[in-house]
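Structure below; questions to follow.
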């Protein structure tokens, strides 16, 4: 409504193509036995990406000249991709690759782009972002002083040592971005994977199951990285992580909104066809109201995403806005998915439809990229600071 | 963000002037003893409107040529007006006048406009909309067959008989719009008030207290109306009511969002200044998280309002969109107001700040203009119809 | 079910008599014009107590020998009393008198009982508990170091100075219990009221309206109290306040549960009689489910109250249990009252039934006697301490 | 508190022994690789039951003389068993066996008991209850006219044909109870399993994973059952199902409450040990309040269970009470489990502790044994009938 420009037609046209592709090509393969508890196999990912490439839809948010769609356009495209839990991986717009490509596009040197970004864009490799440490999200993830992985100079090389946890997609990845603490502070290193110095200790069994490679616990022992593979400048790692952070949160919201659109559609059709106590389920207000609540909450999620996308498109960092959006959208979509499950009764908790998986994935989403409580904590601090400032003047009545 | 045009600058500039006026001129009078349980007195309303007129801000949403601001611009202006429960009345953008002016602007003849609309626009009279009947919202409000007030022709006149309930502002109004059932169906009549045939039986004691005249129970006995005072055509009353309905719902949302912005501001400053257990209240996450939730929910309310306003500005009826927005915004703002009360403890449930009143008003708002459940009921029907249609094809997996 | 003894038959028989009295004698007077925003007038209270005395039901929880019903029996009786917001005052089981009588019964000397307790028991006087200070609940209410009202010895007298806020029933009370800080610590003083040294600055306008005298802000200037009027020992004031605290919280729960039983009854009958969209309201699941939720939540409230009563009857202090019960019951009853309002639409937010008042009263109850958040804060500390202790051993898997 | 008798000492002593057994013997085996997505393997079940038998704790709720513990005592024992998801199976108090044993104990003939009940009590066989049909819970589960599986007489035999869904534990069971529609109405048949006429079409992939054999879709083709294997009388199947229903719902509540006690313990210890933003997680109110909410909701769950157990122990059918309890407890425990997950962040959604499984199991519990909405629907009908009856008299004010 608010955009009538060529630009957004571009987004809409692309999103429509992506939706057709996901519905016609990907969804029929959702039960492929190569989808396991730690996500689709590398072989299956490769196969799906081939289909996307043939359809001219691989990595659709990055244009031939290396420029990206606007965040607002991306919202349309990624929502369409998210209609299947396999869609983002098939189209190469999934986490963590999408965020990693965004980061490298902003910060990497031309040589680094050629070597590490290009294979991600053409979908031949996957990547992983080695930031979180076993001490937890609240640990190294957000507090430089808690980052325990170290990097020390050794001539033209860096030697990295430490442990990492919840490293999504590490197993099977071809490109790694590793955060470690140097003398100058947090620093990001680009590495080829696999590397014998990066031991995957185990893959966590998690409630979600859409991400190839799952989530790994990793030990880094004397990883040797040439100085040319430092991303940007040593000590600026947190600044770069911030560049990646807000958009990555937001694309998560986009994809899972798509998944909920699908779940709602499945639940609605189920409720139309199934009878209970003498009439179709959907004629029961107890069911109809749940679907109505979903409709409203999904619209709100869409509006929050578009709002935050506009903020990012304006060039702002969007830290607060993406926190607000992540909290609102992840919590709302969890309620949406939960209601879809409930509407469908026994079928809802079974793998007979994708609704059950969507519910599990979104449960995890309330924690990944910062649990709801961490975002509220930051937001509360901001409100405090504003109120303190305002209270410097005359108190409101 | 999404509008950079002259048009919306117009809205922003006007809203800024309204905000200053409300904060500087109106808020200092919130404790005027002429504010009673059934709203501010007529004298006080008149006085405040004089101030608004002097500031060039009376009826700010209707321009000199009779045209209106866009709904999107109106959202900015009415939110600013709503910063005080007295603001909308002072500025002449309150319910039911705002909706009545909108309706008359769309449907009334030139003669009718001169006689009934003009005094509303210049703020010299107030108006009331006589639709709801004692049988309840779910009765005459939404179902023509349940409309019991009758209108029969008597030469060039109509004779109207019936009872009405929850008629906001009837006492003290100068203009009435009365819905009755003629042979052709629901019909709207314009009448001068007071009229001896329209007996105000009593003013209801209600939890809210912002609307002048309160909410009346009314008996209409042999009200005699000239045929020239039929609004539009006989039998088309429900169609016209729909014209009024969606925008009226939406302006309610705008005004009460403004009230919550104020409540949040008061609660935040309170939480900064008050200590509990050794630190300012706002340093307690139990308090800070409530204010953070409020921040998020008010942003969502704003986005829903803007979205629905865009729909109305596009020329669509917006029935579904305004239902969704009314449910989402009224329920969210209630949670917001409730949290503001809670943050402020004993002070929150006292009249020492306006927060207590905002809480009461918004409790009523969840019911006025259609309780949440009625809107969900309609929405569920729509979802059913769409799902039935979709299920005509292949079922989703 | 769990009690088949004579003792509880005593409670049941008495509760049945109280219920009849409230329904037949008190409820018909709920619209008495002497009920204002600051509660029923003294004259009306006196009149109602006369009726209760005649029925042999005044102060029913205290027996002729000065002993009290068990807390479990009291639960039955006070729930019956609470069926009307006027019931507890009429029967002399309302806050703060009920808690004050409990405290004096436990701590006062024989002389003090004769002079200060007896007139409370026979209902000829009301009382007030002067603890909270303007700095707020979180202030003097819970932290001795924040108690600012002072008491200094002057021969055989004490001189008390300070300010108090939210002093329920202070206006019109004949007996006061004043907390002040002496050299030994918090101390309670018994005083006759009115006393020129205790100035009632103003009565707060609050959302609730059931308590005679309302809630006062009070200034104490050179109040002179004989040493014989110290309650218990100087410095032990907080210990005594604790004696009063847990039972007083619990009787609040009992009374308001009764009020919700009544609201649910009114809403259910309304929903049976009113039609919407072609059938009685109650046939709509959107309404029926709300009433079902209420039924469940009121049962849970009853069980929590009985559980906590059993704890108190066992002789335990019940601090944690009464906190848990207060939180659970006040929050649940608020949802119950809110749903009753919503079921009844416009009528629900009007004073045409007592439901609207019950909603307002229970909103305040979530704050009075410690806001929900303060109780959760204490409970969280307890959980932390237990977990720390447990974690001293082997961690749970 | 309310029971001081020998009887309940019996329950407490037994519960303490069960708790020790579960904590010391079962919990260390929770990661046994024989626990798969469709529950522990038959071999592992057999092995665990051997340990329980050695400890004298197999089938602890049924005494040597065939009598059962009271429901109230059972609550203590099953809560202890539920501390591990493996506990109920190990101790032979899991669904559906526990309910099936209860039913057979009430209805089976001596011969039937010897043949079908005894092997269940001694834990050598498992059982399944074949009631639900693919049309869904709302179908055959609750409406005889929708029961599609047929039973027709053929001499001294019955021939049963139909399809069943969500048949928990069917694969691997040795005893089946099959519901089918005969001329007289719903009828229950006892059968030895496996039987070639009962084809297990597939095991559903469900979100839960604690029940051996998982949940099966089953086709019954010309199953031949001797007349002596009719349970009770032909046509009385629904009456018997009701006998089983209320207690079976309640034992589910007991077991899952135990699981939440465990999850809360794990989450609390985690929150004590993990740091975020400079202090232990549990010192953050955002975390501490969640644990406090859990404490309160688990107490309420316990009280509802005990109340309903008392109702059943009094000999009443407890249909309404067990519906209320099932709704309240399953919804509350889901919130509890969800909060435990959230408190633990990434670890909470991983299989590193049992919390993630508890969350998944309880999600399913909100649907199994009747989704929340079906119970509210029944309860709403009951409230309507009571209100109709009450409204026959004078309306409440």
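When the chains are written out, they are named A, B, C and D in that same order, and each has its own residue count from 1.
Following the convention adopted for this analysis, contacts are C-beta pairs under 8 Å (C-beta built on N, C-alpha and C of every residue); 3 or more make two chains touch, one makes a residue touch a chain.
This one's a predicted model, so the numbers in the text were calculated from it and none came from an experiment.
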Task = Report which interface contains more C-beta contacts, comparing A-C against A-B.
result = A-B
Message = So, comparing C-alpha centroids, which chain is the farthest one from chain D?
response = B
Distance between the centres, which are taken as Cα means, of chain B and chain A, whole angstrom = 41
Task = For chain A and chain D, let me know how many angstrom lie between their CA-based centres, rounded off.
result = 37
Key: Chain centre separation in whole Å, for chain C relative to chain A (CA means)   = 51
Inquiry  = If I count partner chains per residue in chain D, which residues reach a count of at least 2?
reply    = 284-287, 289, 373, 376-377
Query = Which residues of chain B touch chain A in the complex?
reply = 1-3, 27, 30, 262, 265-266, 268-269, 271-273, 280, 282-283, 285, 288-289, 291-293, 295-296, 299-300, 303-304, 307, 310-311, 314, 324, 327-328, 353-354, 373, 376-377, 379-381, 383-384, 386-388, 390-391, 395-397
Ask   = Can you name the residues of chain A that touch chain C in the complex?
value = 284-286, 289
Remark   = chain B partner, complex, touching residues on chain C are 132, 135-139, 142-143, 165-166, 204-208, 215, 274-277, 281, 284, 286-287, 341-342, 345-352, 356, 359-360, 363-364, 366-368, 371-374, 376-377
